[in-house]
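Below: a set of structures, written as structure tokens.
Each of the two complexes below includes chain A, the first together with chain B, the second together with chain C.
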Partner chain A sequence: MTSPAEHRLLLDGESVSFREGETLFELARRHGDAVPSLCFDDRLEPLGACRLCVVEVEGQARPVASCTTQAADGMVVRTMTEALERHRKALCDLVVSENPAGATIDPLRGSASQELAALAVRYEADGGRFAGARSGASRTDDPNPMILRDYDHCISCYRCVRVCSEQQGDDAITVGGRGFATRITTEFEGPLADSACTFCGQCVQTCPTGALADRRALRHADAPGELAATRSVCPYCGVGCSLDILTKGERIVGVQPAFDGPANEGALCVKGQFAWEWVQHPDRLATPLVREDGELVEASWDEALDRAADGFREAARAHGREAVYAVASGRAPHESAYTIQKLVRTCFQSNHVDNCSRA
Partner chain B sequence: MGPSDSDLIDRWRGAPAPLLGLLHAFHDRDGHLSDEALRAVAEGLRVPLADLYGTVSFYHHFSRKSGGRDAPRVCDGPVCKQRGSDVLLAELEGATPMPCAGRCDEPIPVLRGGQVLVGTPGEGLRAAPTPLPPPNPAEGEECCFAHVREEGRSTLAGYGGAYRALARARELGPEALLEELDASGLAGRGGAGFPTARKWRAVREAPGGPKTVVCNADEGEPGCFKDRVLMDHDPHAVLEGMAVAAAATGATRGFVYLRYEYPHTQTVLERAIDEARDELDDFEVCVRRGAGAYICGEETSLLNSLEGAHPFPRNRPPFPVTHGFEQTPTVVNNVETLASVPPIVERGADWYAGLGLGEQRGTKIISLSGDVRRPGNYEVPLGFPLHQLLFDWAGGPEDGRELQAVTMAGLSGGFLGPDDFAATLDEPCLRSRGSFLGAGGVMVFDDRRDMVDVARQAMAFFADESCGKCFPCRIGTQRLTERLAGTAGPTAPDAWRKEVHAIGETMAQVSACGLGIAAPLITESLLRLFPERVDEALARR
Partner chain C sequence: MAGLAATLGRGAMSNPLEDMDKPDVIFCIGTNMTEAHPVAATRLKKAQARGATLIVADPRQIPLARRADLHLPLRVGTDVALLGAMAHVIVREGLVDEAFVAERTEGFERLRDHVASFTPEWAESITGVAAADIERAAIAYGRAERGAIYYTLGITEHICGVDNVQSLCNLVLLTGNIGRPGTGINPMRGQNNIQGAGDAGALPNNYPGFQPVTDPNNQAKFERAWGVRVDLEKGMTKVRALERAGEKIFAMLICGENTVVSDPDADHCRRALESLEHLVVIDLFLTETAELADVVLPASSWGETDGVFTNTERRPQRVRAAIAPPGEARPEWWIVSQLARRLGAEGFEYESAAEVFDELCSLSPTYGGLSWELVAEGRHHWPVPEAGHPGTPVLHIGEFPRGRGLFATPSFRDPAEVTDEEYPVWLTTGRRLAHYHTRTMSGRSAGPEFLVPEEVVEVHPADVTAWGLADGENALLSSRRGSVVVRVAADDTSPRGTVFSSFSFSDVPVNVLTGSGYDPVTDTAELKVCPVRIEPA
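Presenting the complex of A and B:
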């Protein structure tokens, strides 16, 4: 067996191998991960907008964006020269100059919301250098309860527009205007609810500044306790999206998609992303209720289960075992769904069972 | 009653590059682009409505307000500012400013609906034909302008009745044709200066098709108005150049991407295409009108615009020669480049190369405007002394005035001062002086002009025209404009200079396209030529 010829180039003085089609950014990330970026998202076509990832390639007159430059045999690439770091600092200062509050952003806003803040620390950018007018105007008039459109923090990396189009296929938002007046908008500048938006939240989770933010999670911004994340699987449908449940103490304060989730790679839908508050909603039943003379009254579990069993038994007796059909709730955990089908198959001896997520 | 929505959509749906054409059809019918029109277009062409809305909002001239298309737009480019465009703006009801509209050799252009008028403050507006280039003051031979002044030249009959260069190109065959062109030394006259034969050969050898020839007629660089005179007075030369490019590369379709500000030119070109059907044979040429965006003169931005996509420049590689219009191999050439081709094919590479001076080959049209006695388009041999053009050909400044600066490459090349007037008009010489020839726009400023303010206007233009894609240009042009205007930034001269240099250096080094790379030449050349003026301006703050 012959293996394909190995591709090699010189990266910061070290000979490294690369895969066909690999970009210099991806290569540099495998070797130290020190090249910064703000417009990059693995799942999206590289845009080459922020220019923070520029590297020097021998023979090129100017630094090139590593995210849009494919590795080629024999290239001599430098990623950390004094000049490159100077340009990166200047770029960072420019970005922070139009978004000075970007350095302190609540992580509840979204998965990627700390990216600019982290770079501001790395390049000591506080917004003082290159100060001037700020671009972006927050859409406080958009009343939707899920996505905060806090464009004061927007840095025009267009990750939101790209994820909406390339990953979600909704094309609900767009780049309006030109130059410094560029803005993220819907058609006719309307609220998201009037657009093609499906409130999947992907724009929120890719935003590197928290300009697009999870409104539901932000309600718990002031809740006490350390923020923790627990990996889980979305309980709603059969896709099995991986997600992190964010908690402070015993309280769920948000959900963020798992970018390494094999089924979803960072995507969720409106339910998985935003419909989790029922878990701790005051209306949620905490004890069984049974009907007495038409009125629901609290009962013990034994009493309630006996009543249910009697009802099922009577229905099966009167109408046959196939008269019973069970639909498991999409909100119930997987273990419950399993138990329901077990119940239907063993107790009622039929296959009349389904899950509401299929309906 | 105008045509119905579905009439318009049916007319354009199957056409090549339909979006701009369909949008103009609605814009012209309704006088603006209504919400309903955008909905109809999105549905008709099956494009996302939000995308369409964003794209429409990118352009200057698509009006979303009722009656907006026909409201007057007054050029406030650098030369028109000198002539009092601010006064004219105030005189005309409902008028708004527009960036340089490419008529700097005339009174101030005013665009109103489908018509361009010219005007001078206090004297109203009038229609005026595109001025011909002034008579060539030297013995030197011209290439593009050799016949442009002939009566009736814009008709096929006036052009000689047939495309003789095209016939000869077909006779030669692609290989001999490309060798001839290569030997002529012709290089892109739109500013980039890429050797034309090499570009054509790359398209010829690129796999895939159908191949396309695009004529870049988006002459948006302030102070440039050469392509308009070529298209208006010698359109067949441009079309024949495109057809020769098609013959050399195997292209079967062609587009002229025409800037919005030249409505009359569209009529001229379309008439010429009609006349030349037999000559063009199976090479299909369409004119597509832009909608006002400087960046669309950048070739990949132009291609996106033509395809109906958001007009951000594309990342390169891949280059248009392999992945151009609709990802197929595409030649994109400037009007002047294409118009140079027929004479080269007819008269030979040696003739054309011999027109240049010294080691330079060929000619270049310079659009000269501003504070000189005889502004206009001059075709000069490459390597021609700038001083001779300014003072001998164009008559120098008015009596009692002195020239203090000229721009190069329109605005993109920054300023040159009197010490630079000894330069010759060619890239090696101008680049050695930190500038470049580019598309050949030269605007002249005499000692009355406030150069810091001229620089501010120039940077404000770049900021307004920055597409918004890459950070250094989007934010950098804004920050430099603020520093030139004094609305932000340090006022202490040392701190001011340090910031302006730092922003400019990063822009020039890491911007994604030529706009952001070139824009800091304005501030750098201002600081080099007029350090005292800068200090005075800072002292007033």
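Presenting the complex of A and C:
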């Protein structure tokens, strides 16, 4: 028995329940995730622009976009008819025709960059009868080293424009022109650095074709090794955004936001997204150093640790145990701060320890 | 944090970040959130798009102020006057939540009498903010169903930092805007794990888990755990330790802090470190501070180290090693443990970060129910007192840790130094979106360097002309402590008479100028206010 409060409809012949306000796209996704889309992003208001997610609703003359249609009691919905799939293949051909023939999209371009490529495989789309005419011209003149604006791949799904407005709240990019002249641009058509863009990278990470791409990461497109992702947390401010560190072998090649990160829900800022190269910068210290005749020179761990310990022991002997002080870092993990305060409290029996929060 | 600890009993952000979507009135003061906490700021922008009213008090026209429904451009260092007048208006207009005040607070009558003379007109004469706008702000916050306060270092980095925080607390306690979703008093922590460093006990007054060192029970607890007796006396703060370097403090271990660039009165700070007999620095780079050390120990960095960070909303989360560190660099817990063992200590036989973290959990009431395994999920807000506890996203529900919330009675006083004929301009310092602290990280990344390749001092265009400066040309900026040469950028973000710069660039060491005074309770430096003279260079 179904309770009176429960809503149900018929989805591909199966009676399913749905939540108040749920769209047919969300419902279909919960039951098999087979309905394709290119303009959908969970976090954005649905637009119904790409028309790939159309479904048949009994009693409606034409298929409807499932992302903008709310489920209603007693609806009879079909998502996978031959006619729908034919329509979707034609749309895919049209969309793929926008892209340079045979182009492969490196996954380092962005989190969602493989979406169109995956659909092209599914629908064996190659541009077909639409090949030739294209819209959007790449902005090779934009000198910023972070966001590649490769509009040859743009399919005008407007996810970048919407994420910039709805999620980031910066409204830095907009849609200009119509038809084949449609293009993603900034207020004065100039480079991003002259716009309201804060280089958060959210547009890069929602772009389903890789038209907007991570330039820092793409430098490593040809580097050898399997691409791997390690879940971590951003090392900059206190918000604690979750992210994936992308690596090939022992090299960090990029960062992508975690869409299930509790603090950030897929967002990052310019630092978290693009400022990770310092980790493997040649300036990194790789050997302990000790001062000899006024100069810092390389030493073994044993030598350096002995020198460090001797100096503290000597200071405590000469001036008392309260002569030793330690400052823990607000940047390093807990285990660093914990061991430092324990060292001061157990080796010198004082509370002469602080962290860097006062200045 | 001390200000909140005294009035509420707990010095931390009261509400989780997800609550930022929920208030109907948001009051941001002393927080340049779009630049310092950009991802948190996106939540405020969304709340505003949904109809929340955004009130921003800041001397400068920061991006958040430009978005605000009401901007209160107060003169630097006058927050107590502004907030006192807001309390005055809330009382005068009958917007006090009397049931809340009766049930959950103490000292209301004293506060009511205290703020009786703090009229908006009086506050206008000190802050420069129109009395009518102070009234509008107070009435909007006072009437809010869910009012939330957010602040950062613009509140705390003053000689009256504790007074500022307690003035904010008074607004919260008057209106009952706490202990519920979408309300609260929320200090945003600036560094990835500054909350965690305090949680882990790197504080001169607290053991791990904010257990006071002055309590003999805590001393006994840690004596049992560690097998040594520790002083009941508080340690010195870092500020005092630097002050006493070469007199009382003779050896120092500094981990991951570029003290000589980030700290106030940089020349004094350098001399302090040079006067030590022994300085050991653990860091990733040979920073300006590491260059002064006797021993430099190379640490493994983010991306190379397993560990835990606790974010500003009290959420411990795992960080993970994705690659090996360069050369012989090692995790700090390993380095410190090796050092402790050489100093004869026992209890440093750790073989992993997990062992260290689990020991912390076993000794901390705030982490009592957490473990290395559990923080991998990242779903708990501390306190998590025992195993199985779901965590505490919202603090202060029903009761404050100290029992009743305490109304404090702070009075406005001038900053440590005020402008005069010789130093007629207010300098205030802060952050820029593209860079982080002293640029040891962001300065070695192409993106931030493209966006902000050099430091500037932002001067109002009318002042550029009035003071005989030129946009893009160098100026000499001097305070009572020193001088720096810096390029002028004509910019109307700061009001006339106030200039702004960040301390990120070591070739423009702005902290040579700062350091006029410290909060007497917390020893936090007054980095937000410094009278200077500015002239063509």
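Operating definition for what follows: the second predicted complex is superposed on the first by the 276 of 359 C-alpha atoms of A that agree within 3 Å, B and C clash if a C-alpha of one lies under 4 Å from a C-alpha of the other, contacts with A are read in each partner's own complex, and residues count from 1 in each chain.
Going forward, a contact is a pair of C-beta atoms (placed from the backbone, for glycine too) under 8 Å apart; a residue touches a chain by one contact, two chains touch by 3 or more.
Note that the structure is a prediction, hence the values are computed from the model and not measured.
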{"item": "Touching partner for A:87 - first (chain B), second (chain C), both, neither", "value": "first"}
{"item": "Chain B versus chain C as contact partner of A:11, first or second or both or neither", "value": "neither"}
{"item": "Touched partner set for A:328, first chain B, second chain C, both or neither", "value": "second"}
{"item": "Which superposed partner A:51 touches (first chain B, second chain C, both, neither)", "value": "first"}
{"item": "Touched chain A residues, chain B compared with chain C", "value": "C"}
{"item": "Which superposed partner A:204 touches (first chain B, second chain C, both, neither)", "value": "neither"}
{"item": "Partner chain in contact with A:311 - chain B first, chain C second, else both or neither", "value": "second"}
{"item": "Which superposed partner A:77 touches (first chain B, second chain C, both, neither)", "value": "neither"}
{"item": "Residue numbers on chain A that touch chain B, as the complex places them", "value": "38, 46-52, 54, 62-63, 65, 68, 83, 86-87, 90-91, 94-95, 97-98, 129-133, 135, 155-156, 158, 165, 171-182, 185-188, 195-196"}
{"item": "Residue numbers on chain A that touch chain C, as the complex places them", "value": "143-146, 166-169, 193, 198-200, 216, 228, 230-242, 245, 247, 250-252, 262-264, 267-272, 274-281, 283-291, 296, 301, 304-309, 311-316, 318-319, 322-347, 349-359"}
{"item": "List of chain B residues in touch with chain A within their complex", "value": "35, 38, 48-55, 57-58, 293, 310, 315, 463-472, 474-479, 482, 487-489, 499, 502-503, 505-506, 508-512, 517"}
